[in-house]
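The block underneath contains the structure these notes are about, expressed in structure tokens.
In this document, chain identifiers A, B and C correspond to the written order of the chains, with residue numbering beginning at 1 in each.
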Amino acid sequence: MSDYSDLDRQIEQLKRCEIIKENEVKALCAKAREILVEEGNVQRVDSPVTVCGDIHGQFYDLKELFKVGGDVPEKNYLFMGDFVDRGYYSVETFLLLLALKVRYPDRITLIRGNHESRQITQVYGFYDECLRKYGSTAVWRYCTEIFDYFSLSAIIDGKIFCVHGGLSPVPSQYLDQIRSIDPQAGGARTTGPCAICFGAIPKDQTGWGVSPRGAGYLFGSDVVSQFNRTNDIDMICRAHQLVMEGFKWHFNETVLTVWSAPNYCYRCGNVAAILELNEYLHRDFVIFEAAPQESRGIPSKKPQADYFL
Amino acid sequence: MEPPASAGIAGSTHKFHPCDEAVIATNDDASDCKRCAVRLGYWKDDYIGYFVRNQERKAPEINRGYFARVKGVEMCVEKFLKKTSGNCQIINLGCGFDTLYFRLRDTAHQVKNFIELDFPTVTARKCYTIKRNKALLARIHDEDGEVRLSPTDLHGPSYHLMGVDLRNLDEVDSKLQQAEVDYSLPTIFLAECVLVYIEAQNCRNLLKWIAQKFQAAVFVNYEQVNMNDRFGDVMLNNLRGRGCSLAGVESCLSLDTQRNRFKDSGWTGARAWDMVQVYESISAAERQRIERLEMLDEGELLLQLFQHYCLVVAWLGVAFQDIDITVEELMSSLNID
Amino acid sequence: MAASDKSVDDSLYPIAVLIDELKNEDVQLRLNSIKKLSTIALALGEERTRSELIPFLTETIYDEDEVLLALADQLGNFTSLVGGPEFAMYLIPPLESLATVEETVVRDKAVESLRTVAAEHSAQDLEIHVVPTLQRLVSGDWFTSRTSACGLFSVCYPRVTQPVKAELRANFRKLCQDETPMVRRAAANKLGEFAKVVETEYLKSDLIPNFVQLAQDDQDSVRLLAVEACVSIAQLLPQDDVEHLVLPTLRQCASDSSWRVRYMVAEKFVDLQKAVGPEITRVDLVPAFQYLLKDAEAEVRAAVATKVKDFCANLDKVNQVQIILSSILPYVRDLVSDPNPHVKSALASVIMGLSPMLGAYQTVEQLLPLFLIQLKDECPEVRLNIISNLDCVNDVIGIQQLSQSLLPAIVELAEDSKWRVRLAIIEYMPALAGQLGQEFFDQKLRGLCMGWLNDHVYAIREAATLNMKKLVEQFGAPWAEQAIIPMILVMSRNKNYLHRMTCLFCLNVLAEVCGTDITTKLLLPTVLLLAADPVANVRFNVAKTLQKISPFLEASVIDAQVKPTLDKLNTDTDVDVKHFAAQAIAGIAAA
């Protein structure tokens, strides 16, 4: 039985939305690296597990997620990326998830989203937040280094393929090929040949397309059915896109979008969802709303939703 | 509060302190955002930096949204200036720290009179900044012109900045007269997110009053629309949390309510477009240019914002009923490229 | 101080570094160096802090607002570092210039620090060093310095000589009449605290005219600050004077054309009520309160609705019930069906508080019908506010009466779509159960309580589990054995692991209240059975449960049944199962 007292204390602290010290972050990331380096690009996950979509630094809403879903380790979780950016508590959110990963590696799986990147976090807030909360960019550097070690995808009981965005057109309909991508190649993952793409979006027609807005591909129903058939999987579970109802089926229930950031950007008015899979992969969606004001404590600076005023 | 939680069921009980200060603070927010977008290269504005010190980075969809707003308003202004050949007035209602006057001075476009009105607390700060910066002051007086100052008002030969409560029409009238307004001269009124803060009845009174006083006028109004949905509810709650109530929101339910507000107040006609349409009317080259400035990975966020803001153009008489947002061949000379 | 022993070159070091850092391009570095200013001052010693550091800081005040803010903050706590109160005047010049900058946050912080430092001056030093600063700020060219000046009156006034006092009152009057609205606002904002330190005769002769004038300002933001000052002033004056000097202005504010001013009156209503006393309340404030309850602006109605309870509670006891029934309730009844959800919700958060004032009969007659409407309100917050406050009505009319009237509504809310509403109902269950008795509970509510154990929201299952324990505390172990344990044990065989987990969570708490016999005979076998569960989460919860229930088991049972199971779990393939098994083994051994 190893001594978890420091880690448990850090988890308790982070659960109160208090940051841990810079040297603690450094040590945490080092430990996380040891664990993540063992994980494959397609991380195997066993049911039962609860699958979650984007969180985006909405710390109090993540706590709400655990309220409706149950805590780690009692419940197993798979988070499909985009832990940081946009929300006001990316630091606390990411470090809490990472600390839970280090404390209970078998109970929680974190895969990488397109916001787990050096470039994007400099535009969408995580970089600024680290600087504001720690007075230097060291914590941002530790965190972005660890981003490179996250799995790109996961497969639950060999049947449900989970990825942040979706599929990409590069030749790789086989999961084996995804597995062969060098996990330490860093940025190469987003630009190089890989079967999965952070920015991919399901599209109405068949075949492939290029996303009209920003990076990423569109993938059609035929692409999915071929992928699913070849790899003998039942469905693809992904996040990445805001869906107002929290979850959304595509292509005759072969692709599912799960979105777990309620009232995204504190503005969008959407509800959030998590997908609970029991030990028989029976699906149950739990819908939840943003945490009420009272549960949020008094933050140092009142964050505000952005509008045109 | 992490904002706005208002999507939660208990989200609406938070402390609320209403006053004009909260509305006034929206000018700071808008000015910060414009400064940010200018710094990133969305459009050119050599003057906003004098008024805003904040360097905070805003999200790409916010920058693009402000770009569409500035560009949309300026397209209308430009057409109006061309049509009147400068024989006209501009009256900027709730001007905030808007820099249009200064930018126009650097172009070939000159107008007879440029009048800016806002709360005295805003104009006092704007006066303060203008007075302390020679670059700004120099664009208000010519060689022999003099600038008259009070703490809240500033009068140049063809520029007048005055503190006034737009709900008080007697005061508006007397201020406009101090600014040597010419009620018979073609006039364009600008209002960016201003009317929405004014109680509906006060707003109608203001629009009626303008319609009675002026002979030929255009009103360019940028503000919220389609507020009758979940996004609108959340916005009302969020702004309420900041002490800001959208007192005129009933006119922001649809493009129809937006147009009708003018038509029911004595204006000859009105057209309205949501910001999706406005954005699409900006030249493709220009859009491509700014879309390359920053990666926007979530188009749906911008779309949702654009669907909830609009540009309304209303006119008095028939001379200016063709002022709209379609782009002309001649590229903007308003210094915004 | 170690630094004072060092060589000259060495002791110059801190200020050189500081200068260097303060010139660095990186704001963050400049900010960090300002934040450790006190360390540098300590290293320099008091004398050099006064002669070098402070002048340097005073000269270099031109930086990002963030840095200035940090500086303004630091200087407020610098008195001991410059040599104590007799040298505090050294801090005034840098703070004075910080009090004139453009950024409001920096100015406010500088004023705050000036107030702290001013209070540390001796009366003589105050007049020599702080009062001139105040006067310079009052006559500053820019509104920034005049705004800052307003904050210094209350701290200077009580400690200066009579002639200076007269000057200060004249200065304050000047600021109240300033042309810039921000300055008038700052004056209105500080009027209340200034009033508290001014002698009553001057309060009446000088400050009240200022107050009356500010309350008629053309800016509503100034007027609403005057309303705040109104409370402070009313508290300082005898009733007679309040009636003549303050009430006319208050009446005018309550019907101000700006709803924001009316809102502020609503916000301050109870404070005003306390300040003016029962007679003026009855004659003047009750009508004003009614007026605000009917206000055209929803924000005003919502604000005044939250004051209903406190306003009524502060009515004089002789007339309280009569005033509530005849003058307040008719208006409250209208608010129950207000078109605005904020108003309804605000009312729902306080309305139950009227019950103790009205007593049982009037509560049943007048209030219960309103509660019933609110329990069915379309806005979940209204429902939640009513349910969460039911207990204060219990005390008045007894739960029997309450539950008879409200039970159908409560049963309906047990399945509300909002989980926080369900949660509030669960939390009300133990009290309800205690009052209704076991038979009635078994008939009407037990099914609901069992149903919550299978809710799809974890927080509800958790609360339902805890509820089980409280119910057993009410009805006893034999009831548990017969009425709920069989149903809970069945859950251990459910196909869905979540139900098996909930079963374990229930056993954790039931062991505490059911005693050794039931725990050994009924609960333990099920726990042991689940040790072989295919799902790791269930298995490690078995380990946790065994540790939790072991205090309620005989040592022989632990040795024979618990330990072997834990030993087996301690060799599990799952890391967490092993971890919690090892923890349980250690925990039981230590017990």
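Note that in this section a residue touches a chain if its C-beta (ideal position, glycine included) is under 8 Å from a C-beta of that chain, and two chains touch if they have at least 3 such contacts.
It should be emphasised that the depicted structure is a prediction, and the values quoted were computed from it without experimental measurement.
**Q** Report the most central chain, judged by the distance from each chain's C-alpha mean to the global C-alpha mean.
**A** Central by C-alpha mean position: chain C.
**Q** Counting only C-beta pairs in contact, which pair of chains has the most of them?
**A** A-B
**Q** Taking the mean of the CA coordinates per chain, how far is subunit A from subunit C in Å?
**A** The separation of the two C-alpha centroids amounts to 33 Å.
**Q** Quick one: report the Å distance separating subunit A from subunit B, using the average Cα coordinate of each chain.
**A** 39
**Q** Measure off the straight-line distance from the CA centroid of subunit B to the CA centroid of subunit C, and report it in whole Å.
**A** Taking the mean C-alpha position of each chain, the two centres sit 37 Å apart.
**Q** Can you list the subunit C residues in contact with two or more other chains?
**A** Only 420 qualify.
**Q** Indicate the residues of subunit B shared as contacts by at least two other chains.
**A** 9-10, 13
**Q** Mind pulling the residue numbers of subunit A that touch at least two other chains?
**A** 292
**Q** Per the contact definition, I'd like the list of subunit C residues that touch subunit B in the complex.
**A** Result: residues 64-65, 102-103, 142-144, 178-182, 185, 218-221, 224, 259-260, 263, 299, 303, 341-342, 345-346, 349, 380-381, 384, 418, 420-421 of subunit C touch subunit B.
**Q** Going by the contact rule at the top, pick out the subunit B residues touching subunit A in the complex.
**A** Where subunit B meets subunit A, its residues are 1-11, 13-14, 26-27, 29-30, 33, 56-60, 62, 65-66, 69, 193, 229-231, 233-235, 238-239, 242, 294-301, 304-305, 309.
**Q** Any idea which subunit A residues touch subunit B in the complex?
**A** For subunit A paired with subunit B, touching residues are 58-60, 86, 88-89, 114, 119-120, 123-125, 128, 199, 212-216, 241-242, 244, 262-271, 289-294, 296, 298-299, 302-309.
**Q** For subunit C, which residues are in contact with subunit A within the complex?
**A** Answer in residue numbers: 28, 31-32, 419-420, 456-459, 495-498, 501, 534-537, 540-541, 574-576, 579, 582-583, 586.
**Q** In the complex formed with subunit C, which residues of subunit B make contact?
**A** Residues 9-10, 12-13, 16, 18-21, 53, 119-121, 124, 128, 150-152, 163, 165, 168, 171, 245 of subunit B touch subunit C in their complex.
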